[in-house]
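Below you'll find a set of structures to go through.
What follows is chain A paired twice: with chain B in the first complex and chain C in the second.
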Partner chain A sequence: MASTLGTTTTPPIAPVAPEGTTTRGRRAGPYPYWFYIPAAAIYTVLFLVPTISGWYYSFTRWDLFSSTWIGLKNYQTFFAEQALVIGLRNTLIYATMTSSLKVVIGMLLAVLLTAKIVARGYLRSVIFFPVLVSTIGVGMTFTVLMDPEKGLINKALGVIGITGPDWLVNPKIAIFSIGLVDVWQGVGLATVIFIAGIVSIPSDYYEAAEVDGATRFYSFLHITLPLARPAIATVITLSLIGGLRSFDLIWAMTGGGPGFASDTIGSVIYKQYQAGFYGLSTAGSVVLFLLVSAIIVPLTWWLNRHEVDR
Partner chain B sequence: MKNTRGTVIGLIAILGTAIFFLVPFAFIFIIASKPLAEANLLEFSWPEQFVLLDNLRQAFQARDYLLVIAFINSFLLTVASVAGLVIFGAMVAYVWQRRPGRLGPLVSILVLAGLIVPPAVVPTIWVLQKIGLFKTMPGLIFIEIAFGLPFCILLFRAFMSTIPRELDEAAIVDGAGPLQVFFRVIFPVLRSVIMTVIILQSVFVYNDFANPLYFLPGTQNATVQLTLFNYKSQFTTQYNLLFANILLVIVPALVMFIFFNRKIVEGMAAGSVKG
Partner chain C sequence: MRSSKSGRRSAALTALATVSMLFAAGCSAGSLGSSEEGAGGEAGAVTITFLHGSTDTDVASAKAIIEAFHAANPNITVKDDSRPGGSDGDNLVKTRLSTGEMAEVFVYNNGSLLQAIKPEQNLVPMDDQPWVSTLDKTFVDSTKAADGKLYGGPWGTMQGGGVLYHIPTYKKLGLEIPQTWDEFMKNNEEIKKAGIDPVIQSYGETWTSQLFVLGDYHNVEAQVPDFAAQYTAGKMKYANTPAALEGFKHIQQVQEAGYFNKNYRSAELNDGIKMVAEGKGVHYPQLGGVTANIENVAPGKSNDVGFFPLPGNDPATFGLTVWPGAGLYIPKTVEGDKLDAAKKFVEFMTTQPGCDALAKGSPPTGPFLTSNCKLPSDVSQAAKDTQSYIESGKASPALEFKSPIKGPALEQICIQVGTRQVSGEKGAALYDEDVKKQAQQLGLPGWE
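Right after this comes the complex of A and B.
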């Protein structure tokens, strides 16, 4: 707690300090730390405590009431059992695939939707709307649309002479099919972030380049891409975090199937929890935590360092 | 010349988005409007018999009006969590921005951690059980607040830095206490960003699936997203009702979008860049 106003608020606002102290001689300053308490209490109890105690319980056999220390056994199981290893591999595939597609398609759409074309506002709205729709609803709809025989997608492909794949039924491609739906739903967010980045670039740059005879593609490579870098960094980070944590869509579409073919760490955590293997499930949470940190922290650092360099 | 080019590209884009983005929604609507036998063919064709209202009624009535209960649950959950997020989030952002001090760096680490770190499921259930909030609505509300706070705090903080300090100083000189300054002076000025937070978080909480699944199990506790899921097994042979259900779940998001399109897009773009 603040002892006096003067000492705590000096650096940013010198003028108010003397007045503040002289008025009533209140003990708490105008910006008391106890404003943190409600948020801090909820966050600590329901986020920090579980996260940290999870590290301990991941080394135990645990039934929520009592726990026995079993060392690294949960982790050994996690990395030895085929079904769980598939989950780990799928998580990486899924996150890489969805985030790179969102960056590429989102950027193309953003360039298109900042150009002088008709119905721009309408187009932006249509592409963005799926972001707001229930993931479960989207997943169930696409499960039906992706049905190998009755589904609309393969029927439409059939009309133009293409034999569509067995989307969710084929274990080899199920995870990619779900990834495509994820991109369908999330690309709108990437697009609006890119649009915000692109419109903040001063138009003089493009005009100057045009005067110098630069082509549109050259301008895109040498003006848009470097100057939209913060937006690109944001989209990569956000979609990687989302992709690594993915659970909803997978659970709605395949439940991790066929077999374990489309399991991710997120769905493995849920399955192990349902099966009553609480220690193993918690080890899954820790693995996910380590995976996300190991990827996101260096990546953010690297992306931001380049931003400063520019 | 430029204009014709813009028109042509625009028309191609309209056609493309119609195929990729509108057809799936049209499909939901169409299947939800068909009678059972026709719906189960899953064909993308206009219903021979248009029975949308009847299907919606049946979807509501299924399992003793479970969907009605679920809408009430979702509504309570959304309103209470968003209220908590707005008030507690703004309080943190206010002190954090105005008085970085020694706690400032700690707050930023915690906020970043909250954005990145995936919550540990079973330990959270264990904590909820210990404090007697597992399988309760208040427990889930607190969970939504805990997980949503970091994003809200960042949005509030960014806006807070645009409010001149003279405003709080004037009130402080007039002898207002911290609570008065915050709720009477700052809170009203935050109106626009509060609207953004309310709209965005309503959509997030309403659409949330994993947290209700984990922390509020039980049929009578179901939120809207969960009923959708629970219906899956039951309705696999009744696609018209399943899609009527999906349609009903989407409607609130659509309404929000129609009214607040601009605000949502701006807020999401701003919030993500800050995060």
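Right after this comes the complex of A and C.
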């Protein structure tokens, strides 16, 4: 996670040396620039080369044996797909839904788990535990639990007289059912980040507010929320990126179905790759890259704009 | 929020992408070095690997076959290897072929999927083999490449794509095998009145949804004899050919009449087999091959399940759509002693001992693909039904064996129609779009 966080702050490159200093620029840092070479080599081979060749191959029709240049046709086909329209909508719904639920629920849990309550450490572990479980495992487990006829969830609801929804097999609600599972699994990480943010707020503020007669709620609204802003920004950014790129949970639970009802861009790309439409799926990846950047870059800038004058 | 995990996944994907792109960028498969295992100790001893599917019946068959083959050829050791089915298996086969890592002998589909692995470039032709003349003609036609050469030996038995039905219910209600679609729908009505689910669907396992369309091809061809050629050339489409459109419409009709089983959206293949074997549902449009599993999910019920073709409009052309088995292939990278051993293995599967070993692991679901092999006497009812349609000439191969194009999203589109997300007509139009991508990927003329 540290690496992802790194992208939201300033890059780890030393500032440009002011004019008049030595040409070697040693004052920028204690180490010579060639220390960067090993990292740069790995980054180039594993990241830059595939990214740039990916851009190239998105303009071709290729299989494992050969490739032909076809210009923008892959993009045309990709945008004409019915699954893509559904996928685009689902991706946005899914990202917004999971990210906002994680922020709200995560914040409430964090406030609860920083208060002086019984078994606090134990409860913190319980909340965090789902984060450690394999996503595919979570997906398969919940697929069984959410079976409309035989699943434990609907059977339990039946005992108290409620007819449960048909979670994953109803095209209208499948994507929301998966979203709920995603929140269940991911809220622990949000909570931990919030706890860290809240714990780092000096207690003087709360004491001062208490002396002035502020209620608990007032303290939360005017001290906790504003001072936990960096934590909130981090959680929003991370969960939104995660939601936009969502694939594994959806693939494990519905495979994008019923029909195409719970497809996201990620699953559309994967299915095209599976079908052997390599050029098309490469073009899809480029589109996904642009979409994520178009949403995340301005959002990060907006969320972090006050950080300096805090 | 699972950023660290997704990060790792994307790194892995990136690495994978690099590797595949480097290969695509022009390394010829042969230059990667063949996987020579230093097994050259004793003179004449050869080791080859046999790659096959990973279902229970596949694995059991492979074991029995290797054992029988070892007894007949003590100098050759065959190593057993299995791979997943479906699209994952397709990717594995393509990747291994392009990197020169493929097993010496492997099982893979014939028909349109075979064309996608470029047999002319990657496989050893088998026209010169002595057993070619014993093969079934539909098998030969669907295992040839565009250059007219045969690239595979026979694997498995033929199977039909039609309707599995519960024989005791048919007897109890006094129903007859329907010769037309209207008769089929009338039977459904009777069954529904008797309080039983008329038609089983199992969308929990998506591929099982396609039979209404794929199994209807015999009827399409009866009305439009040159459909396959016109379709491959991009001149005829599902949406604008009334005969081809029927299959999609049928799904819609059965759905709207309320004939599906209650849990059709979440049931899986084995649930469906169990239902039809125990009479909880009566019709299950399916591949005949799945009956091999009846004994596992509903012991003792094999002879309660019969099989008939999906009926069309004309009783005179009532007949079965057939899947002519699978192929046994040798990649071009195999040479010398290993090639001879691999050819011997393929030949073994055209002999009665080979077929018997195969039948030991997976009960036959139709006739064998070579005239050298006879079916055992105790085959299931569904296999007997299949055989009778094939022997009386009332059968034709499925579209995927006559045309190299088959859209990958047919199963999802059938489910869209079956869950009322789109109409049958719209489903057919969506499928035509899906097929277009496959045709373009194969570089067929008339599709740009």
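General remarks:
In this section, the second predicted complex is superposed on the first by the 267 of 310 C-alpha atoms of A that agree within 3 Å, B and C clash if a C-alpha of one lies under 4 Å from a C-alpha of the other, contacts with A are read in each partner's own complex, and residues count from 1 in each chain.
The criterion applied here is as follows: a residue touches a chain if its C-beta (ideal position, glycine included) is under 8 Å from a C-beta of that chain, and two chains touch if they have at least 3 such contacts.
What you see is a predicted model, and the numbers here were worked out from it, not measured in a lab.
In the superposed pair of complexes, A:P130 makes contact with chain B only, with no contact to chain C.
Of the two partner chains, neither chain B nor chain C is touched by A:I223. Comparing chain B with chain C, the partner in contact with more residues of chain A is B.
In the overlay built on the shared chain, the residue A:L238 is in contact with chain B and with chain C.
In the superposition on chain A, contact of A:P50 is made with both chain B and chain C. Legend: residue contacts after superposition of the two complexes on their common chain; A:L145 is shown touching chain B, with no touch to chain C. Judged by the touch definition given at the top, the superposed model places A:P258 against chain C, while chain B stays out of reach.
Of the two partner chains placed by the overlay, only chain B lies in contact with A:V292; chain C stays clear of it.
In the superposed pair of complexes, A:Y33 makes contact with chain B only, with no contact to chain C. In the superposed pair of complexes, A:L84 makes contact with neither chain B nor chain C. The contact surfaces that chain B and chain C form on chain A in the two complexes overlap at residues 45-47, 49-51, 53-54, 57, 62, 64, 131, 135, 147, 189, 235, 238, 241, 245, 248, 278. For chain A in complex with chain B, the touching residues are 8-9, 12-13, 15-16, 19-20, 23-24, 26, 28-33, 35-36, 38-40, 42-43, 45-51, 53-54, 57, 62, 64, 112, 115-120, 122-138, 140-142, 144-145, 147, 150-152, 155, 184, 189, 192-193, 195-196, 230-231, 234-235, 238, 241, 244-245, 247-248, 251-252, 266, 269-270, 273, 278, 281-282, 285-286, 288-289, 292-293, 296-297. Of all the residues in chain B, the ones that touch chain A in their complex are 2-3, 6-7, 9-11, 13-14, 17, 20-24, 27-28, 31, 41-42, 44, 84, 87-89, 91-92, 94-95, 98-101, 103, 107, 110, 114-129, 131, 142-143, 145-147, 149, 153, 165, 168-169, 172-173, 175, 177-178, 181-182, 203, 207, 209-210, 213-214, 224-225, 228-229, 232, 239, 242-243, 246, 249-250, 253-254, 256-257, 261, 264-265, 268-270, 272-273, 275. The part of chain C that touches chain A in the complex is made up of residues 1-7, 9-11, 14-15, 17-18, 20-21, 23-25, 87-88, 90-91, 94-95, 97-98, 116, 118, 121, 203-204, 206, 262-263, 265-266, 408-409, 412-413, 415-416, 419, 421-422, 430, 433, 437-438, 440-441, 443. Taken in their complex, chain A has these residues touching chain C: 1, 3-4, 45-47, 49-51, 53-54, 57, 61-68, 77, 80-83, 98, 102, 131, 135, 147-149, 166, 168-171, 185-187, 189-190, 235, 238-239, 241-242, 245, 248, 255-261, 271-272, 274-280.
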